[in-house]
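Per-chain residue numbering starts at 1, and chain names A, B, C and D are given in the order in which the chains are listed.
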Amino acid sequence: MEDRRTLLQAVLALLAGGVAAWWLPQVLELFAIINATVYVAMALLALSLALVWGFGGILCFGQAAFFGLGGYAYAVAALNLPDTTYAIPIALGVPMLAAAALGYVMFYGKVSDVYMGVITLTVTLILFNFINSTAGEEWRIGAAPLGGFNGIPSTPPLNMPGDPGTALTPEQIFVIAVACLAGCYAACKLILRSHFGRVVTAIRENELRAALLGYNVRLHKLAIFAIGGLMAGLAGMLFANCVFVSPTMFSLAYSGQVIIWVMVGGVGTLLGPIIGAMLLQALTAWAGTLPEVNPNLILGLVLVVAVLAIPRGLQPTMATLLRRRAP
Amino acid sequence: MDLVLATGIQALSGIATLLLISLGLAIVFGMMRVINLAHGEFLMLGAYSAILAVQAGINLWVAMLVVAPLCVGLFGVVVERLVIRRLYGRMVDTMLATWGLSLALIGAVTMIFGNTVAGFSAPLGSVQIGAYSTSGYGLFLIAATMVLLAAVWAVLRFTPAGLIARGTMQNAGMAAALGVPTERVYALSFAAGAAVSGLAGALIAPMSGVVPTMGTAYIARSFITVITGGAAMLAGTSSAAGLLGSVNTLGTFVTTPVLGEVLMLAVAILLLRLLPQGITGRFFRRSL
Amino acid sequence: MTALLATEGLTMRFGGVVAVDNVSLAVSERELRCLIGPNGAGKSTFFRCLTGQYRPTAGRILWRGRDITGLEPHAIARLGIGIKTQVPSLFDGLTAIEGVTLAVRRKHGEREARRRAMAALERLGIGALSGALVGLLAHGQRQLVELATVVAPEPDLIILDEPTAGMSAEETAGTAALIREMNRDHAVIVVEHDMQFIRAIASGITVFHQGRVLVEDCAAKVLADPRVHDVYLGRPPTPQVVVPA
Amino acid sequence: MTKYFRDGGGDAVAVDFFPLDVTNFGPAIQKIQAAKPDMVVSALVGGAHVSFYRQWAAAGMKSRIPMASTTFGGGNESLLLSPEEGDGIVCAFSYFQEVDNAANKAFLEKFRAKLGANTPYLGAELAMRSYTGMRLWAEGVKRAGTTDRMKVIEALGSGISVDGPPGRTMLDPKTNHVTLDVYVAEVKNRGFNVLQHFPNSPPADTQSVCDLQKEPNANRQVVVDVRI
């Protein structure tokens, strides 16, 4: 029974993605489309943390580091390559390798959970500081100036594969973003249903027992962490295509917000954080329009209440509510 | 010769500032295993309460040394009652809750005071060392930090309250069995940590830009200092502040400020890799 | 015939304290061995050296003659050793069948693994609990699920650390019978100090005392040996007295 | 900046860059004292960097070495610092609230009438530039007769100008930047004392490398050549 339910959820997700991708571009005008693409990219970032933290049991305070690396890798590659389609593998490879390297340092370094949070936080800070101070002329990779605090505004958007001349329109980029989100969601569902996914979930439940059954715990954690890094990098690439790449992608704000979204959406689920990300971004945007109220205050209070009231997050609480009411 | 002396003083004031802003966090984290990500905002509240006290006509020194720690200490009690008390033992949730608190505080202060509040300039004028002149207040800061460190050490080491606090932190169950009201000890310890942070915020106010987001500049530094310091609260934080403070100051002096920063963070990562439990995880293990 | 599992001069020192002092023992295929001794005799530390949780300070561990000292726990488990730790270590968030399937899944396909897992649960009489969430089960049931998880992949050797901890009298007797039945297909090493369980098992016994092997013999002789009584009652062992057979 | 020092006949003794969250400027102040420059030019920005001006005054350096800044005042720093710390710093912006002309006086009266008690201090440039920007757009819409994006862009390209409190602001068709009046002022008692006025200053550096009239849809990032 459980397998049918996961397949149903995966199909539903792809369907919802399809409808949104087809219908929204007709309805929304340009500014809203770009905004929607940012929401989708952020939801994908939340999904990557939901997979790594919710199922891998690895609380990474620095998921924004891979988000930023994905964006910057794409920007630098796109500026140096004739056809931006070749920039895609680089934009995914760099954050994945970075995640694997950071994962190796943490999981093979016998680091306890608390220090893992600290190390991921510190690494993001170092990247933020480093990228921020690359304003000078000498900081360029090939034809791409890193641009320090101002980021790289002149990043060329994705173009039709094989035809560098015609860049994709924002509507097309939105469709690609939704496709990526739905695709990654379905991929997560399949990964978690696979043997590898079950072992990763078991490791979250009890690391020692998994090891005593012969599973290489550190390798599995490294792998799921790298997959999370890849997804966050993909989100970074999408972000680079609808906004532009800047050091703020590495900032504490993004790392913090993504944790809030997953926490409020529901640690231990996939759909929860996606919904949480979209809802909270809309809430922050709405709060920004209120003259007297400062968005930080609302976002902060939401997190404090979320931690105190619903330790396992929005979606499971709703799910348990629904199940309890159903006979 | 005066160059060496002046640079030495710069290094000392760098270390003192780092120690000052980390001490409050060390008390809360070192003793209570509570990671307070709103620590930066506690500093900011300390600075703001000092400035508002001065604007209300209270003497500068009274405002800094009395009003600020008192206000932030009381605020600490409120925070402990409402939020922290429900999350003992849940390290990750405390991190997230205090992160939310930090965002909320920045938002609230920006709403109430706007982005700019008129600060007051550093008292005690300037002091001439050979060809170099440095601020008299900088020297006062170094002295104040040493006194504060000694005071906290003395309280923990010699007073019964200090003993009870240390006992409760190591084994709350046993302490309760001996009749110690552990709830109140936790509340007072968190308040003490908050008061020290408030005092630190007030002391650095004349030397820094007091804006609602000033906390974010300090939180990373104090966090890294306390974590690299390790379990033993005072010895750990002081040794880490000494190491990181001097690396940062001398690095900035010899090379560029950017390298000074990167050097400090690199040393921190190296330390975390070699000594995952921090400096006092290995050296001066039994000290306070 | 080389031993299935042997230790040569195994020593484990924590700073000044020598928890396991130069212990050499050998267990052959299909053997059932009990490691007994009062609390703090070094049994659990010795167990953790075998499972790779601790890296021994000196000495060697041999698996069918091959040196496996210092291997990671997962590498040791892969040799075909089923391990049950003192504190029950289970997948609370999964159902019983899911946990046990996972144990077998490393060597078999999904369907075959599920079939064997179900068989293991039934063999231990808890087939009915297969769909239950492990976290919600009672203590006794959890011990049985853990035993099923260890037995299901059919290891060559099973090592158990105090399987009867917190069990009632008849549950202990039941577990002893179960372990005898398991011993038909797998060698078993049990770390225990519950006298009632040891009498019920009546297998070869090695007595630990202050990190060293005091006595190693069949159950009858060991249980009659005055030194074992002294050690259990906390008196220093009386000098070697040979009791006529 | 070094290029403009050289063009002006001076030279840069030393240049330092600071990460945004640096708050301890002790070493930097000491390096400056060691270098004994005639003046210091700061491009520091952000809340943490205000500490530099504080520590500079605390070290008693304000009376010894004059200071100018390209960014001071933009972020209301003049309000943050006490008069002893801020007074005397020279800055240059396209507008100060204290600019003395009829348009500015009329604007300020209407502004205060509208907001009354909580009228904010406009300080330097930022608020006024946004106001003037909107008016330039409005002018483009008037000329194009429609708010359609492409038509307004065309109208803006045909040379639009607006007169207001900062003086005359003309949209330069070659660079899409603006030619405007620039004022040099020194900080005085948390406000500004306007010293000099340079009317109609064109965006010379951008014009030297970019001409949108010749190549209308150029979209590469243009870098002004400041190599010395």
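Assume contacts are C-beta pairs under 8 Å (C-beta built on N, C-alpha and C of every residue); 3 or more make two chains touch, one makes a residue touch a chain.
These numbers come from a predicted model, not from an experiment.
Note on connectivity: the fewest steps through touching chains from subunit A to subunit D is 1.
With centres computed from Cα atoms alone, the innermost chain of the structure is A.
Among the other chains, the CA centroid farthest from that of subunit A is the one of C. One simple way to say how far apart two chains are is to compare their mean CA positions; for subunit A and subunit B this gives 33 Å. Centroids of subunit B and subunit C (each the mean of its C-alpha atoms) stand 50 Å apart.
Centre-to-centre separation of subunit B and subunit D, using mean CA positions: 37 Å.
Taking each chain's centre as the average of its CA atoms, subunit A and subunit C sit 45 Å apart.
Across the assembly, subunit B contributes 216, 220, 258, 261 as residues in contact with two or more other chains. Residues of subunit D in contact with two or more other chains: 17, 19, 21. Within subunit A, residues 129, 133 each touch two or more of the remaining chains.
Pairs of chains that satisfy the touch definition comprise A-B, A-C, A-D, B-D.
Per the touch definition, subunit A reaches subunit D in the complex via residues 129, 132-133, 135-137, 145, 149, 153-154.
Against subunit C, in their complex, subunit A makes its touches with residues 195, 198-199, 201-202, 204-206, 208-209, 211-217. Looking at the complex, you find that subunit B touches subunit D at residues 3, 6-7, 10, 13-14, 17, 115-122, 125-126, 131-138, 204, 206-211, 213-214, 216-218, 220, 248-250, 252-253, 256-258, 260-261. Across the interface of their complex, subunit B is touched by residues 59, 105, 109-115, 117-119, 121-123, 125-126, 129-130, 133, 252, 256, 259-260, 263, 292-304, 306-308, 311 of subunit A. Of all residues in subunit C, those touching subunit A in their complex are 51, 53, 72-74, 77-78, 83, 85, 89-94, 98-99, 102-103, 105-106, 110, 149, 153.
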